[in-house]
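Labels run A, B, C and D following the written order; every chain starts at residue 1.
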Amino acid sequence: MTSQGSHSITRRGALAGLTAGTAALAMPALVRAQGETIRIGFPTPLTGPFAAEAKDQVKSAELAVKLVNDKGGIAGRKVELLVRDDKLNAGEAATRTLELIEKDKVHAIVGALSSAVQLAVNEVTRARSVIYVSISQSDTINEVKDFSRFTFHEALNPHMTTAAVAKHTFKQGSKVAYLVADYAYGHEMLRGFKRAQAALGATSVGEILHPFGAADYSTFMPRLRSMRPDILCICNFGRDQANAIKQAVDFGMNRQSKIVVPVLLHNQRLAIGPEAFEGVIGGANYYWGLEETIPSAKAFNDAFKAANSGAYPTDYGAYGFTGVYSLLLAMEKAGGTDTDKVIAALEALKYDAAKGPQHYRKCDHQSVQSVLVLESKKKAEMKNEADLFKVLASEPASEEILRSCSELGFPA
Amino acid sequence: MSASTSSIAAGMPGQAGQRGWRARLVAWRVPLSILALCLLPWLLPSKALAVNVLVYGLVAVGYNLLFGYTGLLSFGHAAFFGAGAYATGIAIGQFGVPWFAAVLLGIAVGGALAFVIGLLSIRTRGIYFSMVTLALSQLVYYTALQASSWTGGENGLRGFTVAKLDIFGWSIDFLDPVKKYYVLMVFAAAALWLVSRILNSPFGAVIEAIRENETRARACGYDVERSKLISFTLSGLICALAGTLSALHLAIVPLDILHYQTSGMIVMMTLLGGAGSFFGPFVGALAFLLMEDVVSLWTSHWQIVVGTVFILFVLFLPKGVWGTLLAWRAGR
Amino acid sequence: MKAPLLSVDNIGRRFGAFVALEGITASFEPNKVTAIIGPNGAGKSTFFNLLSGVLAPSAGAIRFKGRDITGTPQHRFAHLGIARSYQITNIFPELSVHENVRVAAQAFRSRYDIWRDRTGMTELDDKADAALAAVGLTGKRGETAKFLAHGQQRALEIAIALVAAPELLLLDEPTAGMGPEETKEMVALLERLAAERTILLVEHKMKMILGLSDRILVLHHGRLIADGSPQHIQADPEVRRVYLGQSDGYA
Amino acid sequence: MDAELIAMQLFSGVALGAILIMVALGLSIIFGMLGVVNFAHGALFMVGAYAGLWVASLTGSFWWGLLIAPLAIGAFGMLIERVLIRPLYKRSVDDPLLLTFGLGYVLVEAVRIVFGSDGIPFSTPPELAGVADLGIGFFPIYRLFVVGVVAIILLLLWLGLEKTKFGLIVRAGAKDPQIMRVLGIDIAKVWLLVFGLGIGLTALGGVLAAPMRNVNPEMGSLVLAEAFVVTVIGGMGSLVGAVVAGLLVGVAISMTALFAPEMATIVMFALMALVLLVRPQGLFGKPGRA
């Protein structure tokens, strides 16, 4: 059952067409669930530059809910997903989260796509003792200052992503130049890369901070060129990343250096085209091509394609699935929605939703998981529209690529 | 009529000569608005939305003092709204200041910023005034983005949740949405009283005169720049109060609060409701937020509807919802 | 000769390279009507703007009641006792006729007070009513100013100036755009006003000027080319030369 | 820091300035003539880019997009002037500003509905791909082409303003609208054409920018801010001002990018605030307007 399915509580839904199909499937007649419906709030930016990612997240999250409901729900209770548009705005997200908690009386929240929105939701849920599974990248949320015992971070964090990407791209003696967005997320990625760089014996030939949200990077290019790096590491996200890569290629930087980014996005690559991204290497939480080696990925792809007329799931979309999946699995183990029991179950959980084994680390509730390192394919090498990346490596789930608990400020 | 006066801002006639129902409405406007605010949480779909209407209604009321009554189109009021919110959040989160003092501090900081930006921008007129306020408020935005050790930068300010309010020995559960609403409403009501007070005062007559005809007001012996600066600062103070309420309500301060798009939203709300009328801004904030809420029910493209409605208002109903109602009632 | 109410000493005004007014020296006795004439672009408006503080002179000094007021901000002029009307009607269009005058009166009572009620100051109502009575607008008291006839708006503007109880009244083409009937009424009003205060006016209607003024100043190309009684000016050959071909000037 | 790098940086600044000039010109022309501050300018820049993309994909050639899109969007601009803005001339300067602010909202969302919110690839036309060696460093050929186009447009504008009757009318009208009334010129028609011209210029800017910056519905919002900054610094309504300020801002950003890169955006606004405080009418503006 989804938010579109019932009436008063579910007014603000996602796109009707998007959810109507699953809603009909999810309500077989006469299967009356015992007890109160389990309601999961799902704030995501349906409007704004990441609307495509958000819609993928909604589809994936609905799939996770449907799979559970098809099996009869959790302890006989149906699960309902309440999708809300956070507009990629932290204030809006906080308001929607308050509504979900106060008015819709949700049992847990899953979602958020930007660091700021995630921290806002975290702040609201922490004060009200509501479980929150965060699916947006950030190092901040792991640190003790923002830690909430009710919050679980299912997404990768910049530290682990950069560690994995560096491990497979930086070499002894590599000269690395950094172009970094001047805000928390950019700084976190730079910090991660530089730590890995020191361990791998690479050197930095220069770092340039660029203003967050810049459209033109041409003025940074002469200096980057003059640094003569082997690797140009572009630490930004979304549109910033797309523009920076495109303009670096325009300036011929890709002939001189390998372009490396912390995170490669499926939809961003679609929006910019294969030429600019050709040969660019970056990390990812998920890529559908994982199905060749991982059975759970195959199962997820198949179910997703079946529910969405053959469309492939994307990286940020998959977070919607893994995030909701892990929460529902824990609720099942806890036999319901009792907050303390669900927290205990999440802390003890071992799960394989779509990308191999994962578990939440006890101290900071970070999901320990594999990190993919992808390379963007040439147009000629693409077998179909969705065949965007080559999987260079899958860095296995390990606490080694995380910052230690004591480093994050947690008592030993 | 002086060129800097917006015909939208000049939508409402002065107050001194009002008769009958109109005069009674003016006399009772503060109690009436407080009554409406008391009922609000029970009429809207959620308490969080009610607090939003309260906060944005208050920002629009503050903005209206400058735009609707003084005739100055500022595009930088997000700066004062945001400054109030940040100052309150930082005071509570980083210095452990008691909540009530933090509210006062937020108002003071926002008001001080308004005074400084006012001082710099008042010298320019018309379009240039709008541009200077826009430029200076964007400077504030970028400063907040850079000063991330204070403001949290792009991640927003966090870590100052007020869970309980202690007032004269009482302890109020501030996480309870209804109690929270009524506590915040007390501040909004005080601000409404203040605005009504200003509009009823001799100074209220002065700013209306400036809106109507700046040249004439100056020839009459009014120090126009000084009066504008006072109006600008008072307007900023009220927006700052709205900011502190927003901070207490959400327990975060998003960086977007300072962006010029927020200023634009404040302008839109004020205009939708009716610039230069007392109830207009609240009606506008309510209409805007409800429209967003209702339209996003059936399409994620709510902006096209909001934008179109706004264009139609500028073209055909420049007096806004409330102003048009009043004019219609007055039989013009 | 009585002590002058107003005197200007060699004042001038430049706008960049353009000299709008230069080397004007004159003094004005109390309770006299002085007209300032000259072809378009002669500098009449600039002269008025200097006398009312809209512009500061770029050279010379202005004295009012013996005090140097050069460079005083414009809004202080009303408080010194100098009030003016404008060539293009300049009122508060959306306010009622009474409010127009009342708010002008308020400038001498309260300007920044936010704690009192504006309606509480009843003496302002009386002052405003008196000013309206003086210009014959008592019957239009409650009307919105922008709906008045043109002549009535001009009269209202004079009421706004009068309520300041000015010792010096500067009137910039008070009959501009008026028909003969309205002009006649305005002249009658000005004659009444002239009895008890000093008036400077810019006008084009010569017949009216000759009947009303005690003295005439003629400006041309930013300079004072003649200064004297109406008879004297009429006879001045220089003035005749300047106005030659400008028949509308004498109309 | 070697001299070559600084020379290269200066050149990047000038090239960036060329793009800034392109968007600021239209804004400035419209303000100078009509007294309208067009808040939808950035959105129309974006619409221009999408129109260029659409025409290019239909015809299979970037050049058709470059030619047709600005003309079509210019005509669309005239429609906007005729239907939405003309009724507001009787009112104050604030009203068109507010209306175009709302129009910007509508245009962005309309594009999201038609083309999706993701953005669409727009590759550099193959004839102009690659980099050129300038002696002091390498620079994309496409960006050199953009500088060339902007130079040609400026030349054409200058010729149009100085050598044609329409130009004479426009110049006279910008100085004093009363004159046109006296001369018996149909102001409404002139304003319509000027608005169309201004919008056509920003649309051309959009098409030119597309191969450099990608096409997405939000691409206009930063451009709007940049155009404001340049116009205000140069003096609203002054074409010379727009050109000088465009280059000035371009070089300022580029030099900041060299020495304090994270300040490259803030420097723009700081420059604007400074100019407004010291000389509110801008470097080449007429004092009366401020």
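Here is the rule we go by: a residue touches a chain if its C-beta (ideal position, glycine included) is under 8 Å from a C-beta of that chain, and two chains touch if they have at least 3 such contacts.
Remember, it's a predicted structure, so these values are computed and weren't measured experimentally.
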item	value
Neighbouring chains common to subunit B and subunit C, by label	none
Label of the chain whose CA centroid is most distant from the centroid of subunit C	A
Subunit A-subunit B separation of Cα centroids, rounded to whole Å	37
Chain centre separation (subunit C, subunit D; CA means) in Å	47
Distance from the mean Cα position of subunit C to that of subunit A, given in whole angstrom	74
Shared interface positions of subunit B, touching two or more other chains	10, 146, 301, 303
Shared interface positions of subunit D, touching two or more other chains	112, 262, 265-266
Junction residues of subunit C - those touching two or more other chains	none
Chains touching one another, given as label pairs in label order	A-B, A-D, B-C, B-D
Contact footprint of subunit D on subunit A as seen in their complex	47-49, 51-52, 182, 208-211, 213-216, 218-223, 225-226, 239, 242-243, 246-247, 250-252, 267, 270-273, 275-276
Complex contact set, residues of subunit A against subunit B	11-16, 46-47, 51, 85, 89-91, 94-96, 98-99, 102-103, 115-116, 119-120, 122-124, 126-128, 138, 140, 145-146, 182-185, 212
Residue ranges of subunit B in contact with subunit C within the complex	1, 10, 12-14, 16-17, 197-198, 200-206, 208-209, 212-213, 215-224, 226-227, 230, 234
Parts of subunit D lying in touch with subunit A, wherever the complex brings them together	2, 5, 8-9, 12-13, 15-16, 19, 112, 116-124, 130-131, 137-140, 142-143, 212-214, 216-219, 222-223, 253-254, 257-258, 261-266
Subunit B residues touching subunit D - in the complex, by the definition given at the top	3-10, 73, 120, 123-128, 130-132, 134-136, 138-139, 142-143, 146, 260, 264, 267-268, 271, 301, 303-304, 306-308, 310-311, 314-315, 318
